[in-house]
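The structures considered in this document are given below.
One chain, chain A, links the two complexes that follow: it is found with chain B in the first and with chain C in the second.
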Partner chain A sequence: MATVAEQWVLVEMVQALYEAPAYHLILEGILILWIIRLLFSKTYKLQERSDLTVKEKEELIEEWQPEPLVPPVSKDHPALNYNIVSGPPSHNIVVNGKECINFASFNFLGLLDNPRLKAAALASLKKYGVGTCGPRGFYGTFDVHLDLEDRLAKFMKTEEAIIYSYGFATIASAIPAYSKRGDIVFVDKAACFAIQKGLQASRSDIKLFNHNDMDDLDRLLKEQEIEDQKNPRKARVTRRFIVVEGLYMNTGTICPLPELVKLKYKYKARIFLEESLSFGVLGEHGRGVTEHFGIDIDDIDLISANMENSLASIGGFCCGRSFVIDHQRLSGQGYCFSASLPPLLAAAAIEALNIMEENPDIFAVLKEKCKRIHNALQGISGLKVVGESISPAFHLQLEESTGCRERDVKLLQEIVTQCMDRGIALTQARYLEKEEKYLPPPSIRVVVTVEQTEEELEKAATTISKVAQTVLL
Partner chain B sequence: MRTEPGGCCCRRPVRAKDCVANGEVRNGYVRISAATAAAAAGQIHHVTQNGALYKRPFNEGFEETPMLVAVLTYVGYGVLTLFGYLRDFLRHWRIEKCHHATEREEQKDFVSLYQDFENFYTRNLYMRIRDNWNRPICSVPGARVDIMERQSHDYNWSFKYTGNVIKDVINMGSYNYLGFARNTGPCQEAAAKVLEEYGVGVCSTRQEIGNLDKHEELEKLVASFLGVEAAMTYGMGFATNSMNIPALVSKGCLILSDELNHASLVLGARLSGATIRVFKHNNMQSLEKLLKDAIVYGQPRTRRPWKKILILVEGIYSMEGSIVRLPEVIALKKKYKAYLYLDEAHSIGALGPTGRGVVDYFGLDPEDVDIMMGTFTKSFGASGGYIGGKKELIDYLRTHSHSAVYATSLSPPVVEQIITSMKCIMGQDGTTLGPSLLWPLPLQSTGSGHAGPAAMAHGPSRSMACGILPDRGTNPCPLHRQADSQPLCHQRSPSGSFLNCIILCEDVIHCVAMFCSHSI
Partner chain C sequence: VNVGVAHSEVNPNTRVMNSRGMWMTYALGVGLLHIVLLSIPVAWTLTNGIHNLGMYVFLPAVKGTPFETPDQGKARLLTHWAQLDYGVQFTSSRKFFTISPIILYFLASFYTKYDPTHFFLNTAALLSVLIPKMPQLHGVRIFGINKC
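Our next item is the complex of A and B:
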């Protein structure tokens, strides 16, 4: 064929044209003209043009009805009417006009009405006023903030600490500062809402493991390792994090930190530890769950806690190595784009730290009281205690649910109201039912503080027992 | 001379000796001639407004960046980036000492915590001028402030406090608009009393046992201040946005957000799961187009109609100092049946004849704004945020807001500070102090306004000016846009949004003079 092609010369082509029969030429000509026409004609649309006319658009705009901005809330929604506390929410609290002993505020170390704290805050108020009028970057950094960060870092024996002006925003800003889209986070199913929001803001891949179940976590990490081997290039840039709480708010249990640290080094994932409830509670000196288990604090990449529980102030902090913490000074949204903590609250937190350092025996006292009431509340008919014996915030859940969450909530509310009538202030644990990933069952939260005397603990136990019997029969 | 929207014409600002007129660039190398200066002045964009909706003339002018400055800025960034690569190379091969913290030895084989480029900017560009931010102060952030002196011997990698305090610096950097941040006076005394009685912390959430009688009192007061049916307060202004927008809209809703909205609004919009569309800053044509298209075409792909449309705007935009075109936005909202979320973080207390914010400034009805949000940090000298609106809205937020369920309530002394300062502004404390604080603000902001010393400066020289100025007695703060989408930012200080009404006129003039003498 190649040789034939070489022999093709233009003259011979023209000759072939002359020698071809007429019908052949005409047919070829018509076909060529048809092809040219098809090439240049407009495309054939099967449907009519879908552009709307101006009139049709206006009609659509007229017709469109949005949903109401908010759905109506029924008058007897359980969360609509708040309990009103008259006066300070301290050990003896006046709720809805009734005087009660406070078993509901997270005032673990009883520092809410401590005179030293008040004096320190007052001194700060007299020096700085109330507000800071600026974010940390723009003249909102006071020497008090730097002091507090320094003290927290020294107390927790880490290199650096950073404070936020709101407890919720602390972990919710810290997680998205490190974990971005494409990174993987392994988080416990019972994680609190602030962690969930932080994870949502980070847009990372979330993998949930069963509560405190290290085998489940191991399985997930192993699966991830197998995935990584399939795609090593991607694995080299995907960061891995494990987010756990020291003492879980929703269940009152402590995380198994030693196993977690082992898993960390085995699978090369970083640990973020949320210690809002365990800071100032666990450990010999109140340093939290790392001290409780005797783990080197440098093994934990980030510890985040809020100052609203044990320190009886407002705000939160993160502490850890400078390599990790310093990043939040530019990337933590709640730090950069929000006004700094009012100095009087920072001064109160510093004083609370002083008190904690001067009286290391209060932690042992608190543990004792927790154990006592935990034992006293065992065996109440109809209610079961959920939480560790040394946890100062634990839950009382219905032993047998009625089957409907609303009815459970009503029953528990009845118990709470009757306890308040008898002078024990309790509260139900509140959740956003539609927003939580793993909604915990309804429960009453009982909080133990160092200020509660033995008689008061006894009284609480007997009151709850009696009321439960009456209500639940 | 522009007509002041308040109707009063203010005196032409006195120019100090070395000050340049608007539109001129003076840096010792290039001086634009008078003719081109006039032409440049003409480049100030006067955005036209829908005249029928505005009761008074509304003029906003923003300078265009001169071409030379723009080019030089980009060239500057390029040069710095090259140097950055060079320094990184030197640090990698240990020719240069590495100052920043590094990962632990035990974790060296983990996936690195920071992508190299993420920190490139921080290491090589931000570090050079880092001393302009995070300056600690040690006094009330009032008209004058005491700054703690700090020095760096290793080019801003670390700071040492010398122990000296630079006293009495004119404060042009704190958001203390009405001067309520003070350590003496009725607000402070009331806050001290409440502190003695209630303590500092609350240790519980609003829905559990953290709802004090003080909070109820505050909410009633805020509602009456704003002129709405009910209000609800929260512990942090940032969190007010990021926790309540998700409670109001969800997947299937549309959010139309201004280009220059604050990070808290953006975060709240993202967390809600709704679709977000951005309209050009204060551009009503862009907003109208988006609204029309949204209703006509519905949700992308499925074409289902949107459940709700929420427009997110701010009263005063802190990045530009511009005021939202509220009458037009409300007209659009009514026409297209959308809902309006107005974030008055900067404008509440600072705008309007009675200090009720941007709604008051334009003389509109507060009921037209569906959700009025604001913060107490700026004009009230406290902390926290609020949302005001109809009773159904507030009832819904009381039951469904993330903050009410999971976050601690406001601290009692802070609540008292807000109550006292709000009563003062409303004139309910029996004095005329409140109204007297409100009138100087528009004068002062015109006196230094956008036109004058919102000097264009590119990166290095701007921050050099900021470095020098505290030593000369005044403290502006350079704006640092992390996204760096607009490297040519205005120098923030005397653009009116940071002015403290208790600052003296002489101080303002002094600042303006200092600024002009140090800008390019």
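Our next item is the complex of A and C:
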């Protein structure tokens, strides 16, 4: 070992070099060769662009076959034959010049034509103008936005809420903000298209379980637990999420939330609840499926809903604990990179919340009407009712499918057209058939609102019954 | 990615070693470390050891990024060495950081007069830093170190 008072004389050092052990010098020789090889070999740079030679360009141009700009589409594609609505799509809707009762718009609480909402929106229009012309980070935050977030958080009894300007983008931005590559999401097979797009954007591993089948979910979670035990280090950094809807749009059923919360605590996953259809519908005061089942709202990690159904506004919101919602203020793509909600719509939403808080009995009335029409529509020959009895948006599917989806769609369209001729406006549930993961069977979607009277519900039931008999037999 | 410049780089970790002045800062940092350690007799071996320990921890040991990236966590399971230049091998940064521990090793072995014990320590430190940088080991996890 070197002594304390060592003299670092250059001559001594060079002498030590001559007396160095052979293995050391050989190793140093190898290292010098390595350095020379590295220094003189080709240095690669990050490719900013790849240049093609002229020959390659010619080859590519010759190979190219132009496809038609517009792919051939049949003449009776629904997107080419749309119905034109004049006036607001409220309780009485004027379709193609014919006045009908609206059983198609998601106007559950009848707030679309409400004079108070219109007054609030007009007052806000006069004060703020129409749009915000900026995202929330660039002078797009107005006091109405903060007010609405505050009111929503208080209404749902959570710590904080965040507003998005487009309902579809709400859940599609919320999921990728928390779930990244390598994380695992357990999602129901009947999840709506917005959830599917959010999952696709998140690049996580998706595990689908059968619709509302808690045993299937349990099996998947158990399998994941076994995998985790094989590799605990990886399991510690993997996040697990369960994404469910409160009231499913595709099937009209309610998710079994108490069992989900039990599974959540057993397998340590986080629940994201999408309450677009159940907000303002289920529960004693309209707070959604958590109130319906009497579950503490803090058990659910994130609740996301869009305001385009019960609240008769535009946009969506997410609510939950502060530290969960705060993350979306920088990571929610739809929040940071889209213009914020027009203030007139935010003011309308605040007024809608006021109305919901002042009249908590409309929710019971709505449930009554749902049960009524659900009962009345049972037993129609050829059509079966799909959905819970208290769900205001349920489906009528063909009892026996003809085997071909197009023919089913045509039959249902015939029923819808004839109902419309008799004054009941219905619609078929439409899907992007090539893009959905689990395409639901074709169906007519019936929507019950608070504004429909009992006579109208009766009339609707008898009309659908008669039309179904004529068309399907 | 230069400091104080607006860039559209999704993962700044990939280009940070190419920034202006990064190599000079690194060299000066190592020099400063050595000057601080000069009072101790085994200064050169200590410098070599500490430098290689630091390099091992930061480059091929720690995974992910210290900041959130907008690419949904592509780099979460990659070490910084694997992230450099998006995995392209033999770039100038990678060459520089492969050669610099070797230079330090030469200096250390010269100044310790090729003593066998020092040789053993210095060579072990050098190998621990050089072997993970070889392109054949890109993404490989031997002995389950850093696996997952």
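Note that the second predicted complex is superposed on the first by the 409 of 473 C-alpha atoms of A that agree within 3 Å, B and C clash if a C-alpha of one lies under 4 Å from a C-alpha of the other, contacts with A are read in each partner's own complex, and residues count from 1 in each chain.
In this section, a residue touches a chain if its C-beta (ideal position, glycine included) is under 8 Å from a C-beta of that chain, and two chains touch if they have at least 3 such contacts.
Here the structure is a predicted model, which is why all the values come from computation and not from measurement.
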Contacts of A:R116 with chain B and chain C, given as first, second, both or neither: neither
Which of chain B and chain C A:R151 touches, first, second, both or neither: neither
First (chain B), second (chain C), both or neither touched by A:E28: second
Touched partner set for A:V237, first chain B, second chain C, both or neither: both
First (chain B), second (chain C), both or neither touched by A:G182: second
Partner chain(s) touched by A:R372 [first = chain B, second = chain C, both, neither]: neither
Which superposed partner A:K42 touches (first chain B, second chain C, both, neither): second
Shared chain A surface residues [contacts with chain B and with chain C]: 201, 237
Touching residues (chain side chain B, partner chain A) in the complex: 101-104, 106-107, 109-115, 122, 126, 133-142, 145, 147-148, 171, 173-176, 180-183, 187-188, 191-192, 195-213, 216, 235-239, 242-243, 248, 262-264, 267, 270-271, 292, 295-296, 305-309, 336-339, 370-371, 375-378, 380-383, 392-393, 395-400, 402-408, 411-414, 417, 475, 477, 480, 482
Contact set on chain C toward chain A in their complex: 14-15, 41-42, 68, 72-74, 76-77, 85-86, 88-92, 95, 98-99, 102, 105-106, 109-117, 119, 123, 147-148
Touching residues on chain A, where the partner in the complex is chain C: 1-4, 6, 8, 12-13, 16-17, 19-21, 24, 27-28, 31, 34-35, 38-39, 41-47, 176, 180-183, 201-203, 231, 233-234, 237, 331
Partner chain B, residues of chain A touching it in the complex: 52, 57, 60-61, 64-73, 77, 79-80, 82-90, 93, 95, 102, 104-107, 111-114, 117-118, 121-122, 125-134, 136-143, 145-146, 165-169, 172, 178, 192-194, 197, 200-201, 235-240, 265, 268-270, 298, 301, 306, 308-309, 311-314, 321-324, 326-327, 329-330, 333-334, 336-339, 341-342, 344-345, 348, 425, 427-432, 435, 445
